[in-house]
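Naming follows writing order (A, B, C and D), and every chain is counted from residue 1.
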């Protein structure tokens, strides 16, 4: 399985102490470490104002499962790239959107909703409840995951009715959130997962790492990704008898 | 209820005999006649290469339910307009997509899928089966609707899992199609309805007219359309106690 | 709208101080007071070991929306009554299951799952988050409802994937719960709603009362309840041409 | 994988020429032949009026995936057996309901609806359209399956909104049907599949056999079937601070 991890890696990520203490080589390298357990990982990062030049067609076309983390540079992602990603998902590629990627162009493009929510950054506790104990993504996870510190994301989360609600998050400050949800878009599988604020340790939590690895295995296309999508004109399979007048 | 009917009305629609015999004043006027039974209707048409200049912000901002028919000029609809429509749906506007509008920019923007399908134009019979006999959209319709001549649209229809499957179509030539499906996108209701090829008489069929009128009533926002969507930062509702070390 | 409220009313309900202080005339009378705002209410109660003798066919056959509260006497409800209720729901009757009715025979009969969950009685705070702000059941409710004291019901709640998730509950002790969910079963609408432990004040909370009244209006059949359900043998609508040999 | 095939095998099945020509050793033996390709198959048959004496607890407790075909003896299946089956599905067993098993006690018990439909026996053609081309159940099946002769089952099929609609059937006589649908009930997977009238050749069709084999693999429990289901009382995970007065 070929996994491509995309993340922001601008000045803040390179220099901000609170991020460096958690992700010394960038969040993309932390995620590479997570996903290398289940596939061959390529990383792509977005630098300040570089408009995703590193995310070439060649990389996209060699991706089975795309992992996307973004936060402050969503607008620098070209519409064309978001469109290409959505179209490759429709042809069969799996995709995992992490944390603040809820506002990323590819996620909003695939959902069709505003993907807005409530939020708060006070390093509070989140408890991630497993709603579906036999879903492939929750295998081995147990009843819940305690996350010592996370950014709060609260309902109303403006997403379409999920195909599957896998996790619901509880927050110390009093909110709830559909923290893990799945969708099919065309032939591709989509997983959104809430944890992962850049200054928190979530991606070092063993259960979170297991969930992400499970998710990549789940999202991997079982069949060949289609070359293209089309609207074919087809002949009738039945003789079309003349109508009675 | 303020209903805006959008349709193409280019040279072909003005001059092509097969269309004029069914829609002498344009398809938008036929639809205006249908929807005037349930609301105040404004029509907007798209002329050859005019990029929807008639579809002003003012019209959109005064629309409770938008009805969209398009076929050969999808690409002339500006991305910005599709985006504005999607965003107004998310804030509460209802929208009805008709027939070949499955490939329109606003529909694809709201679905997140390719919306591709199979098709065939041989004026065959379609029988529209009511799958949900107590849905507001099927009130008074009976078990099925016989449509003497329609364009065939066949599965696989690449749409997200519908919130509700209201109609499934049977075609004389041997195909089936999820001909009437609903979605919620944000606060807005979406209905896709298959019948309506420009040279067929479907919008003159009394049962089809009833379905469309029912759909407009169903899609009308029950509450005020929001001014804007946002991602507010909110204070904690519970005291966040210090963690145990 | 004819509403029938069913509740237990055994020795405990008549004599237990903690219940009497909240429901001096029985929980069924408290609920009658809630629902009288939106319909004509009949109450039926179940006494210790009386096997629901008061719940006559005549009452059931005159019910548009049934409200069911039960806890410790589920097993005393005859299977035949549960079956009759399920069948009437399939024919169009609305039904609202409250709190510990998640383990009642009619609810389990309609869900097809075990309806098991986690629980705890320590009078903790529940905050009921509105997940769908434009659902008829949440009209006028605002972002959330604070409930000072409730029994905790926690996930995994073994229910089918809800048609609509209307509320998710947050508990002080650390759990979450899909506290308000809807289903269609045949032509009938089903709403399950978590609050309502017999010693808590939830049904005196103005927002909870509004939710229950909204729910009754939502669940009321829009069309006549069917006399019976059947599997008719039907003639072909199309001429069935002989096969090519 | 341990598969148990259940079918009727009364006087009619043993003596009726039209059945014997298709299923010379009984429908259960035909199905055993299908499923032996993917698991170890036990067959259980129901004889006229024998109330399923052969379906022992021991057999049920050694079943990973149950395949159920029934038609004219549904009422002879004890309620207790239907209840045990439903409960084992909730604990993780997979189950495949075939054709007229839509009216069987275990299926109706799991659905919560009446499962009624329209029908007609004139040996017409059914074309089974694949709605989900990347579902594990449709692997290798192609766009559709032509079935030369089948009993017609037509909408409205009174089932809950399917988790997944995998097949929709087209009938020569003019109807459509959701011919392949999936559900989760507790931890168990459920697949209903329309083809299989006792005098038709469907279970000898290679594509149908492939679908059934795929379905058994899909339905097999990925984790151990639970010993029991319960509603545990659990301690609070968070300190429950006293309320402010």
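Operating definition for what follows: contacts are C-beta pairs under 8 Å (C-beta built on N, C-alpha and C of every residue); 3 or more make two chains touch, one makes a residue touch a chain.
For clarity, every value in this text was computed on a predicted model and none was experimentally measured.
Peer 1: According to the touch definition, list the chains common to the neighbour sets of chain A and chain D.
Peer 2: Where chain A and chain D share a partner, that partner set is B, C.
Peer 1: If you take the chains that touch chain A and keep only those that also touch chain C, what is left?
Peer 2: Chains that touch both chain A and chain C, as defined above, are B, D.
Peer 1: Through what angle, to the nearest 5 degrees, does chain C rotate to match chain D on its C-alpha atoms?
Peer 2: So the copies are related by a turn of 180 degrees.
Peer 1: Would you kindly tell me how far, in whole Å, the mean C-alpha position of chain B lies from that of chain A?
Peer 2: Each chain reduced to its C-alpha mean, chain A and chain B end up 29 Å apart.
Peer 1: Suppose each chain is reduced to the average of its Cα coordinates; what separation in Å results between chain B and chain C?
Peer 2: Comparing mean C-alpha positions, chain C is 35 Å from chain B.
Peer 1: Quick one: which residues in chain C touch 2 or more of the other chains?
Peer 2: Residues 127, 133, 154, 161, 172, 174-175, 237-238, 241 of chain C each touch two or more of the other chains.
Peer 1: Mind listing the chain B positions that touch chain A in their complex?
Peer 2: Against chain A, the touching part of chain B is residues 79, 86-87, 90, 103, 109-114, 116-122, 124-125, 148, 152, 154, 158, 160-161, 163, 172-175, 183-186, 229-238, 240-241, 243.
Peer 1: Which residues of chain A touch chain C in the complex?
Peer 2: Touching chain C from chain A are residues 127, 129-133, 143, 154-156, 161, 164-165, 168-171, 174-176, 178, 239, 241.
Peer 1: Under the touch definition given earlier, write down the residues of chain A that touch chain D in their complex.
Peer 2: Listed in rising order, the residues of chain A that touch chain D are 92, 127, 133-134, 136, 139, 172, 187, 221-223, 237-238.
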